[in-house]
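Down below are the structures I want you to see.
Both complexes shown next keep subunit A, but they swap its partner, so subunit B is in the first and subunit C is in the second.
Moving on, here comes the complex of A and B:
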C-alpha cells in the first residue's frame, strides 16, 4: 500500500510554549481509517494543521501522496485533503446548503453546468439531498456537519480529516455523522483515507488503527481491540477507558481479548452463580 | 438565591405570528443544589434557561429570581441588576474571549459592573485560581492557549462577577476526561458554597454524577421533574420516548436485569455496578480469567 501521509523528523513548537513535536515520525496509509486520540493540548489538532500547511514547522518533512509539502505544493496538497472542524457554525459561507457545496466547486472553477449534478451527488452521499434549498442556520448541528462533509466530498478528496467534528453535537447528531462516515468508507474503501481526531473512545473503536498522542509523542499505535486492553494506561494518559473495560477492571478481570458491552453482558450471564 | 417559575408560557413573535415554545412551566431551583435540564435538541431547554437570566421575558406567568419578579410587563431597565446575579456560561464560552491578556479578559466583567481596577484584579485572580489556571500564564494572550485552558479563562470570567446563580450550557463539551472531571468538581464546589446551579447537558454520565434534581423537557413542556435517582429508575422505554440516552452504568444495569440479575441500588458508578454484580457471579469462574475466550464473534484484525 502507498502512504497517504508521511511525516519525518518533524519539529514544531508554539511560540512561547516550547517544543511540542521533536523528531516526530508517523505515516498514514492510503485507504486507512485512523483515529488520533490524546488529551486537550496533546498536539493532535496541531498535527493536522501542520499537514495542511496551516502552521509552519521548524524542521522535518511532510509528504502527502509522495508530494513534499512546500509553498509550491500547498495548493495541490490541500486539493487532496479535506478537513471538517469542530464548530459546525464556523464553516458556512453559502446562503443555502446547495450554495455552500457550490462554493468549493466554484473555487476549483468547475463549469457551472456541471455543478448541479455534483452538488446533488455530494448531498446524497451524506443523506442531505432533501435540504439543498435550506438556509444553513436552520439545520441541526449534526446536519451542518454532514453538509460540511458534502462540501468536501464534492471536491473528491483522497483524505478527509475530522478534527473533533462531533464534539459539539448531541447524541443523535453524533450518531448520524458516524453512520455517514461508515457509509462513505464502505462506498469508497481504499479510495478514501479517513483521519478522525477525537477523545471519544466509542468513536475511535470504529477505526482500523488508533494513534495515541501525548505531549507531542506517539505513545501507542495499534488496533482499537488491543489498545483498549490497556485500560489503566489510557487513564494515566488522561483518556477514558471504554465502559466495558472499566467495568471488567472493577470486577478484577483482566480480559485477554477486548469485549464490547454486548459481549461482556453475554459473558457475565454465563458466570451467574 | 432561589428561582421559581410559575405558570410560564413563552412564544416568539407577536400578534397572530406567534410561535409557542414553552407551555405551562412550573419549576423550582433551590439554593445549594444542582438542577440539570435535559431533553432532545429543540425541546425548549435553551429557551427555558434564557428566562433565568432574563435574556427573554415570559409571555405569561412569572419568574421569581431571588427578590425580583419578572413578568411580560417588566421594564428592560429593571432586568439589568438581575443579569448580574445570574451568570451564564454558554456553550463553547471560549469563543467569546477577546482581551489581549488572560487577566484583562477575566477583569472585564467586574469592571463593567462598576468594580475598580484593583477590585477587578483581585476578583479575576481569585476566579482564575478557582478554575485551576496557572498564574504564570496570566499575561499570555488567551488565543495562544489550548482549548481546555481557554475554557477555564472563559469560566473564570463568569466566576469573577460572583453571581449567586450560575447556568452552564454543556460546560464540558469538547474537553478531555481530565478536563471534564475538573469541571465537574468545580460545579460541586460552587454548589457546596450554596450557589444555585443549573446545568444543561446531553451527557447523562454528568447528569447522574452531579445533579440533585433533573428537569426533562419535551416539546416545550416539563415531561419530568424529580430527584436524579427517581428519574433514572424509570424504564428504558421511557427514555427512548424522550430520545434520551441512559448513563452507561444504568443502561448496563437494566440490561443485566433482563438477564435475571437483581440490583438493590441504582448503579451511580462503575465501581458500584461491579460491586452489585460481583455478589451474583460465580467467584471461581470469575477468578479463572486467562483461559476465558471471547464469547461471541466480532471484527478481529490480525
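Moving on, here comes the complex of A and C:
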C-alpha cells in the first residue's frame, strides 16, 4: 500500500510556546482508518492544520500522495484532503444546507448544471437529503457535522480529517456521525483514508490504528486492541480508558485482551455462572 | 428582537416568490423613488392600490405586515408631530401660544403617514418574499457594472451573505451571554444610564471574542474547501429572468406612467 501522508523531520513551534514538534516523523497509509489521540495541547490538532497548510512549519517535509506540500501544490493537496472541524457552527458558509455543500463545488468551478445532482448525492451519503433547503441554525449539532461531511464528500476527497468533530456533540449526535463514518468507510474501503483526531477512546476503538501524541511526541502507535491494554500508561498521559476497560480495572481484573462493551457483558455473565 | 419583521424572510408560494430578486429590488427602488414625488391624494391612492395588489400577491396574512409596521409606529408619530407643529401656512386651525396647527400642516402630516407606511410595506414585501442570500446575489448582479471601476463586487456580495448567515448565530450567542451574565447578578434595566452602559461591556467583550474565533474558524473551513478568491467561482443558484419578471416590469411601468400622469393633473 502507498502512503497517503508522509511527514519527515517536521519542526514546528507556536511563537510564544516554543518548540512543539521536533524532528517529528509519521506516516498514514492509503485506505486506513487512523485515530490520533492525545490530551489538550498535545499537538494533535496542530498536526492536521500543518498537513493542510493552514499553519506554516519551520523545517521538514510533508508529502501527500507523493506531492510535496508547498505554496504551489497547496491547492492540489487541498483538493484531495478534506477536513471537518470541531465547532459545527463555524464551518457553515452557505445560508442553507444545499448552498453550503455547493460552496466547495463553486470554488472548484463545477458548472451550475451539474451541481444539484452532486449535492443530492453527497447529502444522501450522510442521510441529510431531506434537509437540503433547511437553514443551519435549525439543525442539531450532529446534523450540522454530517452536512459538513457531505460538503467534503461532494469534492471527492481521498483523505478526510476529522478534527475533534464530535467533541461538541451530544451522545446522539456523536453516534449518528460515527455511524455515518462507518458507512462511508464500508462504501469506499481503500479509496478513502480516515484520520480521526479525538480524545474519545470509544471512537478511537473503531480505528484500525491509534497514534498517541504527547507534547509533540509520538508515544504509542498500534492497534486499539493492544493499546487499550496499557490502561495505566494511558491515564498517565491524561487520557481516559474506554469504558469497558476502565470498568475491568475498577473490578481489579487485568484483562489479557481488549473487550468491547458487548464482549465485557458476555464475559461478566459467564463469571456469575 | 425576534418579532422584527423588516428584513425577515417568510417562506411562501405567491407569484412574488417566483420572481427574480433583481426584479423585486428594482421595483422597490422605482416605487420608493416615485413616492417621493407624490403630491396629491390621487397619486397616494394610486400608489396604495399598487401596494395592495403586491400585498395580495404575496399570499401572506395582513397580520404579518401589521407586525412589520408596529416597531416604527413611534418614528411615524414623531414625524407627524413635527409636521403638524412646524408646517406653517394658512388657515390656522388651532393656536396655543407659539404652537399652531394649520390646515396644510394637517394635510402634510397625513401624507407623511401614508408615505411612511407605503415605503415600509413595500420594502417589507421585498424582504418577506426574498431570502437574504438571494438579495445578496441580486445586489452582486446589479452592481456588476461597478467592476469596471475596480469595486470588488464579488467579495462584497460574499461578505454580505456570510454576514447575513451569522446574524441568527450571533443573536443566539448574545442571548446566551446575557443570560449567563444575568445569572451572575448583572442588570441591564436598573441603575443610572452610565451604570447601564457599563453593564453592556461584559456583554460585548465575550461576544467580540467569540465572533473573532468564529471568523478564524470559518476562514480555515473556507480555505480547506478550496476557496481562493470570490472571483472566478461558479454559481449554484443562477439568477434568470422569467415570464413573471416580464409581467412585473409591465406592472411597474403601468404604475409609473399612471403615477406621473396623476401628479401632473393636479
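The rule we apply is simple: the second predicted complex is superposed on the first by the 272 of 273 C-alpha atoms of A that agree within 3 Å, B and C clash if a C-alpha of one lies under 4 Å from a C-alpha of the other, contacts with A are read in each partner's own complex, and residues count from 1 in each chain.
The rule is short, and it goes like this: contacts are C-beta pairs under 8 Å (C-beta built on N, C-alpha and C of every residue); 3 or more make two chains touch, one makes a residue touch a chain.
Being a predicted model, the structure only gives us computed values, none of them experimental.
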Quick check on the superposition: with subunit A as the shared anchor, is it clash or fit for subunit B versus subunit C?
clash
Between subunit B and subunit C, which makes contact with more of the residues in subunit A?
B
Just to be sure I read the superposition right, which of the two partners does A:247 touch: subunit B = first, subunit C = second, or both, or neither?
first
Is A:267 contacted by the first partner subunit B, the second partner subunit C, both or neither?
first
Using the touch definition from the top, say if A:33 reaches subunit B (first), subunit C (second), both or neither.
neither
Let me test your reading of the model: by the given contact rule, A:87 touches which partner, first (subunit B), second (subunit C), both or neither?
both
For A:155, is the partner it touches subunit B (first), subunit C (second), both, or none of the two (neither)?
second
Return first, second, both or neither, reflecting whether A:98 touches subunit B, subunit C, both chains, or no partner chain.
second
Check whether A:54 is in contact with subunit B, with subunit C, with both or with neither, and answer first, second, both or neither.
second
Is A:111 touching anything from subunit B or subunit C once the two structures are fitted on A? First, second, both or neither.
second
If both complexes are laid over each other on chain A, which piece of subunit B (7-15, 25-33, 61-69 or 79-87) hits subunit C?
79-87
Between subunit B and subunit C, which residues of subunit A are contacted by each of them?
87
Can you list the subunit A residues touching subunit C in their complex?
49, 52, 54, 75, 78-79, 81-83, 85, 87, 89-96, 98-99, 102-112, 115, 119, 135-137, 148, 151-152, 155
Which subunit B residues qualify as touching subunit A in the complex?
40-42, 91-92, 95, 140, 144, 146-149, 173-179, 202, 243, 245, 248-249, 252, 255-256, 259-261, 270-271, 273-275, 277-278, 280-283, 285-286, 289-290, 292-296, 298-301
Counting only contacts in the complex, subunit C reaches subunit A at residues 131-133, 161-162, 164-165, 168-169, 172, 213-214, 217-218, 220-228, 232-238
Looking at the complex, which residues from subunit A come into contact with subunit B?
14-17, 38-41, 86-87, 140-141, 164, 167-168, 170-173, 199, 208, 223, 225, 235, 238-240, 243, 246-247, 250-263, 265-273
